[in-house]
Amino acid sequence: MNKISYKEAMEKLEEIVSGLESDEIPVDELAAKVKEASRLIRICKSVLYETEEEVNKVLKEMQEEKPLEE
Amino acid sequence: MNKISYKEAMEKLEEIVSGLESDEIPVDELAAKVKEASRLIRICKSVLYETEEEVNKVLKEMQEEKPLEE
Amino acid sequence: MNKISYKEAMEKLEEIVSGLESDEIPVDELAAKVKEASRLIRICKSVLYETEEEVNKVLKEMQEEKPLEE
Amino acid sequence: MNKISYKEAMEKLEEIVSGLESDEIPVDELAAKVKEASRLIRICKSVLYETEEEVNKVLKEMQEEKPLEE
Amino acid sequence: MNKISYKEAMEKLEEIVSGLESDEIPVDELAAKVKEASRLIRICKSVLYETEEEVNKVLKEMQEEKPLEE
Amino acid sequence: MNKISYKEAMEKLEEIVSGLESDEIPVDELAAKVKEASRLIRICKSVLYETEEEVNKVLKEMQEEKPLEE
Amino acid sequence: MTQESSENRKIYSLLEVSLGIRNAVAEAFPSHLWIKAEIAKLNYYPKSGHCYPDLVEKQNGIVEAQIRANIWSGQFMQINQKFRAVTGEPLKDGLKILFLARIGYHEKYGMALNIVDIEPSFTLGEMAREKLATIEKLKKEGVFEENKKRPFPLLPKRIAVISVETSKGFSDFVNVIQTNSWGYEFSIHLFPALLQGEGAIRSIGQQLREIENRMEEFDVVAIIRGGGGDVGLNAYDNYSLSKAVAVFPLPVITGIGHSTNETVVQMVAFANKITPTEAAHFLIQQFHNFSVRLKTAVEKINRASTKVFDEEKQKFSHLLRFFEVHTKNLLSREAVELNLIGKNLGRNVSYSIQEADNRLKTLSAGLLQKPKQTLKDQQVQLRNITRMLGIQVRQELNNSTNKLESLQGKLELLKPENVLKRGYSITYYNNKPVTDASVLHQGQTLHTKLHRGSVEVLVEKVNKQTKDE
């Protein structure tokens, strides 16, 4: 589950980034998108820097906030 | 006032601009149109400013966290 | 006095001028017509002036607004 | 004396002159007609003069008004 | 004496002359007719003279009037 | 003596002359007729003379009158 | 040969028999022989320096022959050194060797081959042959590349390490991983195993199975061997171990030592990283890669959003400029038009007035001329009439005078005196002129008047005549 989460997070992040780069994201949605990106980055960072238990905690928190799947 | 989205505001602005460009706006309505444009620009600026604030905040937060290194 | 629109005033003016050009205005009415034209020109000028003032004010306001950090 | 309009005066004047030209006016009435014509001419001139004065005044006023910047 | 108009006088004169031309006037009446003609001529001349005087006066007046500026 | 008009005199004269010419008048009356005719002639001549005098006078008067300016 | 059967038979002492065997063997194998066999167990005793290898010959994995051997310490060192120099392996269990040996029997120790020399090139060939066979078999089975094709986790965070806890390799590996200066957090789980020699095959295999059972807990497997130098690696050419690695469901990273000759396990592993340190760095590198992607994403977000902001701001200043320029243009255009209208108005009005004035002048001129002309015409007419009057009157008078004179002339001619003058005479009777002779009678006295004077005339004869004569 963890594997999928952060991998998905990276994919979504890069999707958002390429959306941003191709000017597909309207200004109205920019903040939301960047926030979402930030959230995804936090997930990814947690995998890089946190211990396994901490990562699981972060992912659990994140998923409680908002599910990644949209 | 912020009920209107950035995109809508921009579209309205462009409408006004193309109206001016094709001389379709009578002198009588010019001031009103420019006022309207000003209002729309102010709305857009405010949206943009808020978005920028928010985005910058998020980006700053992101960088203040353990930074990514190579 | 400003009940009449710029457009209407312009149309009336053009009517008077073309009336003059085609010698359709009797001498008896000439002074009245010229006075009327003068009045219309003054109205138009005043509309133009006011519009300019207003537009300048709006544009100035727009430029004086706290610019977004760049 | 100014009860008569320029137009009426001109019409009468033209009638008299064309009467004179076609020798339809008897000598007996000649002096009276010439007097009448003279009077009509004076009326017309006076109307024209006044009109010109008035028109010039109006035009001068118009030119003295602060012109709009171009 | 001026009861008779120029026109009537002229008509009578022409009558007399044409009477003379067609020998219709008896010698007995000749002197009287000539006298009559002379009187009529005098009347006519006087009318013409007076008319001329008057016309000249009027015309002179007309020319002396301040002309319109050109 | 002037009771008889030039016209009557002439008629009588012509009557006498034509009577004389048509030999209808007996010689013994001839003298009387001739005498009569002579008288008539004298009358006529006198009328003519007077008329001429008078006409001349009138015409002369007419010409002596101040002519109209030309 | 048990004790119970000693009565009827010649009984040999053990020594006798043993000496007999010894002689027989010495006789049968008088000189050294080149023999090939597999070292089942080396049995090296470092203390004495002697080595007592158990040699076997296997066929299809079944031991068909077995014999003990010995290499005395004096030779072992030399042999082993030479062997190692050539094969990269020390003498060890499982090796196939070609050796020069004297077959000897010792009463006390039994049959033994005294190995005096070993030909390392044979073992090398055997090892190479075995390795090749393993590779070929794996390829034939289509599993050779299998581990390499495993999806490598984005982040090899949870590492199952097969190693020896006390080994330098393991401690190097752990050290590099845990003390990475970037703060990457790994989780390492050690699965201890033998990493050298024949035992390694089984031991590693076992741990691999253990890891496979708990596969969900790990991202990657690292086989870490260290401190053992270059020796003892040919277990890694073993088919079963190689296959186990090749088909392992998680990617396997090897850090099993410097080998000029890659072992099959290293070949089939997902990544072969020679040393434990390198393996550790490889894993850290994956974190770096991930981190770079993240960093790139952040930078891109930063750049893209900055670009969006800049562009939008630019739009605003363009819009502002546009409105400024455009409205100014529009207004000044209108102003120009207004001024033009004003000028036109002035010109047109002046023109209209001028026109009216001209018309008035024309009429005035007509007025100035025509009445005078009329008056002059009338004067001329009047003068003509006057002249005509004079002429006519004079004519009339002349006519009358002429007529009168003509009558007078006629009358003159008809006067009796003038008739008598021409010789005519008038004859009267009784004072009546006689025009008819028939009324006269002879003898009558008639009175005849002549032009001058008169005479008394007596009628002598009357001649009657018709009038028509």
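Note that the chains take the letters A, B, C, D, E, F and G in the order they are written out, and that residue 1 is the start of every chain.
Criterion: contacts are C-beta pairs under 8 Å (C-beta built on N, C-alpha and C of every residue); 3 or more make two chains touch, one makes a residue touch a chain.
Source: prediction; values computed, not measured.
Asker: Can you check whether chain B and chain C touch via the same residue numbers (shared by over half) or via different ones?
Answerer: Under half shared, hence different.
Asker: Hey, how far is the Cα centre of chain A from the one of chain C, in Å?
Answerer: So the centroids are 60 Å from each other.
Asker: How many angstrom lie between the centres of chain E and chain F, each centre taken as the mean Cα position?
Answerer: Between these chains, centre-to-centre, one finds 33 Å.
Asker: Using mean CA coordinates as chain centres, what's the gap between chain E and chain G in Å?
Answerer: The mean C-alpha positions of chain E and chain G differ by 108 Å.
Asker: State, to the nearest whole Å, the distance from the C-alpha centre of chain B to the C-alpha centre of chain F.
Answerer: 130
Asker: Show the residues in chain A shared as contacts by 2 or more other chains, in ascending order.
Answerer: Within chain A, the residues that touch at least two other chains are 27, 30, 34, 37, 41, 45, 48-49.
Asker: Where in chain G do residues touch two or more other chains at once?
Answerer: 183, 291, 294, 298, 301, 305, 309, 312-313, 320, 323, 327, 331, 334-335, 338, 342, 345, 349, 353, 356-357, 364, 367, 371, 375, 378-379, 382, 386, 389, 393, 397, 400
Asker: With touch defined as at the top, which chains are paired up in contact here?
Answerer: Per the contact definition above, the touching pairs are A-B, A-G, B-C, B-G, C-D, C-G, D-E, D-G, E-F, E-G, F-G.
Asker: So in the complex, the part of chain E that touches chain D is made up of which residues?
Answerer: My answer: residues 5-7, 47-48, 50-51, 54-55, 58-59, 61-62, 65, 68-69.
Asker: Which part of chain G faces chain D closely enough to touch in the complex?
Answerer: 331-332, 335-336, 338-339, 342, 345-346, 349-350, 353, 356-357, 359-360, 363-364, 366-367, 370-371, 374-375, 378
Asker: Write out the stretch or stretches of chain D touching chain E in their complex.
Answerer: Where chain D meets chain E, its residues are 26-28, 30-31, 34-35, 38, 41-42, 45, 48-49, 52.
Asker: Given the complex with chain C, which residues does chain G contribute to the contact?
Answerer: 309-310, 313, 320, 323-324, 327-328, 331, 334-335, 338, 341-342, 344-345, 348-349, 351-353, 355-356
Asker: Chain G touches which residues of chain C in the complex?
Answerer: It comes out as residues 6, 13-14, 16-17, 20-21, 23, 25, 27, 30, 34, 37-38, 41, 44-45, 48, 51-52, 55, 59, 62-63, 68, 70.
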